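Letters A, B, C and D name the chains as they come in the text, with residue numbers starting at 1 for each one.
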Amino acid sequence: MNKVVSSFAEAVADVPDGAVIMMDGFGGPGGMPQHLILALRDNGAKGLTIISNTAGLPDFGSLGVAVAVTHNVLMENGQVRKVIASFPVSASPARPNAFELLYREGKIELELSPQGTLAERIRAGGAGIPAFYTPTGAGTPVAQGKEVRTFNGRACVLEHALLADFAFIRAHQADTLGNLSYRGTSRNFNALMATAARITIAEVDEVMEPGGIGPEAIMTPGIYVKRIVKR
Amino acid sequence: MPERLDRELIAMRVAQELPEGAYVNLGIGIPTLVSQFLPPGRTVVYHSESGVLGYGPLAGQGQEDIDLINAGGQFLLPTPGMAFFNSAEGFAMVRGGHIDVAVMGAFQVSEKGDLANWMLPARGVGNIGGAMDLAAGARRVIVAMEHTDPQGKPKIVRRCAYPITGPGCVSLIVTDVAVIEVSPAGLTLLEVAPGWSPREVQEITEAHLSVARDLREMGF
Amino acid sequence: MNKVVSSFAEAVADVPDGAVIMMDGFGGPGGMPQHLILALRDNGAKGLTIISNTAGLPDFGSLGVAVAVTHNVLMENGQVRKVIASFPVSASPARPNAFELLYREGKIELELSPQGTLAERIRAGGAGIPAFYTPTGAGTPVAQGKEVRTFNGRACVLEHALLADFAFIRAHQADTLGNLSYRGTSRNFNALMATAARITIAEVDEVMEPGGIGPEAIMTPGIYVKRIVKR
Amino acid sequence: MPERLDRELIAMRVAQELPEGAYVNLGIGIPTLVSQFLPPGRTVVYHSESGVLGYGPLAGQGQEDIDLINAGGQFLLPTPGMAFFNSAEGFAMVRGGHIDVAVMGAFQVSEKGDLANWMLPARGVGNIGGAMDLAAGARRVIVAMEHTDPQGKPKIVRRCAYPITGPGCVSLIVTDVAVIEVSPAGLTLLEVAPGWSPREVQEITEAHLSVARDLREMGF
């Protein structure tokens, strides 16, 4: 039982056209599975649905990060049909990202979900909970077309689980059984998405033998992880 | 009637059903014994509702750690690659379809694969524990049990008389006399214990058994 | 900001009659907040609702554990009106626990919840999710009287969040800000219950200064914890 | 009109609203500045949607760690007692009512306390981020913003023209000219910036303001 795959290209070789893929994409490059994204660009699969907190952050070059890659490159490459995100566009309207330019032209779909609802929908997908009620978004445009029900006097929106064909995960350490640990805030969406895909692929800094990450320190148990690739 | 298999042999037969690399949950009783009989070279990872994945064998005397137990409260040994988590995460694994095989005991199994294993009505109260979650969530549920109850009555029945743990969830039944597959078409007798005929198995089974064309003798 | 309280008696002094209290109670003594339970017995509050995986395990003496105490003592002391649990009675009908004897006499109420549903209901309580759908229990007596709805062809039961007035937590380490870590399987219900009560009180082996438990190793962030008592 | 306060003074005034020991979430923009102005001796714990509780100040140049950021993608410094967690846990804290105070920016706030801060309709698309969860879940929502928009139009309105982030969620509005309380009875002007009269504040406010009996000047 050894889940290590020798290259990023091999790890994403079976991603087909039309696949649904989860990937982190918070405000910084730390959590991005950059090499998996580049491999997917090279793989060329089209018509993808990307589930991510953002829809691509083009501005990492200035941070001096070694590989300044986000899912923005997939948008620019025309591989994406639809995005499910909470923060899809640039904070500054004056500097639109590739997603926003495509969106203006009607070339890409958007499903907007509040960040906590997005996180909870992904967790629900991994946890076998098909749907849940949340007060978030009640009385706002997010609730339009959704069932709203009152619990303890509060209006709540029915939200549905999200599942994916693939999750691209950026973790810090792995063992060969697929157990993962993350560094700092890069845990945020990565640790959730790892649970909610049919095939979870982790891009890591270090691969250790079982026991290398202690039993209390494992953040994603190996049951969720199918493939590991070392950077 | 021919001699029946003992609990260890039932567990040994179940162990053959665990595929390489599978994530497996073993219930209390006969299922717990299964881990002792894994075929050589086979690696599986055990999950427990107590909040641990990849645990080692039962602890011997003097090795007990009160913070390392299985769902039955038995003490376990640590093993490299083991992971701890809270119960919401532990049951996310179950409900979310991440457990490949759950092996459970049963009071009754119906011809539709309904499982009853949590309450004897005479007691007036019962323990569900993780059984309903495993019945609903595991990809494959194997029941390991004696073929008849202590009074000699069939446990494989047309309809469960006892309260249900999960409807239509059982895939395979391994008993002390037979291996029986559950499918939408009903129950198929795949294997009989040494010395048993299909007719003899049917005599102590309330539900109808079709006999597999390639019926075999249970091997260990 | 220091959440350390000097005695168990002081920590539970404000538990009133009729309080709803969560406490662990898996199959072993590791996760039990034994000193808090003894302090609650001495406090004498009556008409309590206990939310726990079990309803008291009377058999710990044989394990040679220093203090062989579970919520069984609260049942024996007649302080409990209702139990919400997944595994309320002894595994052996021949050795009934105090709960079962009271239950037979109609002196105590029981709400039975599958273990995963119980865990999820507690998590939902802490997470502000009022209700969720689960496939667990559909088609069984557990679903009686509850809404059942089909998602993706599967019948699912609507289950409601659980919240408590107090959570009694058994943790291993704490820092003075209330951050907690657990040992091994004793994390199971403790880490959930810590999130779902108005007042969470943790019984711990060791209290450290902030930073004593590393930022990656904290399992229950201090935001959930009001009081800490050292054993 | 008298001179308006700068962003730092707005943040300084908001900082006074954070009680000892509070768990606080600061939004992007003026709210982020609040942590610099906490009164001496006051301890609060900051929560970020990026998955961290109890973080330290913003990192200086050369101190950046790409795995320690806030919700706006700014780099943070570690501090003892800090804790990391995943986003489901981070938003459990928000939605579950564990955040005592959220400070947010706004495009508009209505007299009912409706908040609009995620979308300018002219753009055709907007970012929600964690704003709707904070609006729904934080025990107390304080809005920190300029009193009027870049075109000089009132941002405190009878009804929000922009899409809503959360209905009736705002408790207090701190602007560059006033402090205004939101209650079921409407808006009450509690404080005015130095040199401002209630009438002058009302002139740049679309919604009606009741003036508090003990109206004060904003102090820092």
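Criterion: a contact is a pair of C-beta atoms (placed from the backbone, for glycine too) under 8 Å apart; a residue touches a chain by one contact, two chains touch by 3 or more.
All figures in this text were calculated on a predicted structure; none of them were measured in a lab.
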| item | value |
| --- | --- |
| Chain whose average C-alpha position is farthest from chain D's own | B |
| Distance between chain centroids, defined by C-alpha means - chain C, chain D (Å) | 36 |
| CA centroid of chain B to CA centroid of chain D, Å | 56 |
| Interchain centroid distance [CA atoms averaged], chain B/chain C, Å | 29 |
| For chain A, residues that touch 2 or more chains besides their own | 120, 123, 127-129, 134-135, 182-184, 215-216, 219 |
| For chain D, residues that touch 2 or more chains besides their own | 52, 84-85, 88, 91, 94-95, 136-137 |
| Pairs of chains found to touch, sorted by chain label | A-B, A-C, A-D, B-C, C-D |
| Residue numbers on chain C that touch chain A, as the complex places them | 120, 124, 127-135, 151-152, 154, 156, 160, 181-184, 215-217, 219 |
| Parts of chain B lying in touch with chain C, wherever the complex brings them together | 28, 48-52, 64-75, 84-88, 90-91, 94-95, 120, 123-133, 135-137, 163-167 |
| Touching residues on chain A, where the partner in the complex is chain D | 26-31, 53, 57, 63, 65, 86-89, 91, 93, 100, 103-104, 110, 112-117, 119-120, 122-123, 134-142, 182-192, 219 |
| Complex contact set, residues of chain B against chain A | 20-21, 23, 43, 45, 47, 52-54, 78-85, 88-89, 91-99, 136-137 |
| Residues of chain A that touch chain B when the two form their complex | 1, 123, 125-129, 175, 177, 179, 195-196, 209-211, 215-216, 218, 221-224 |
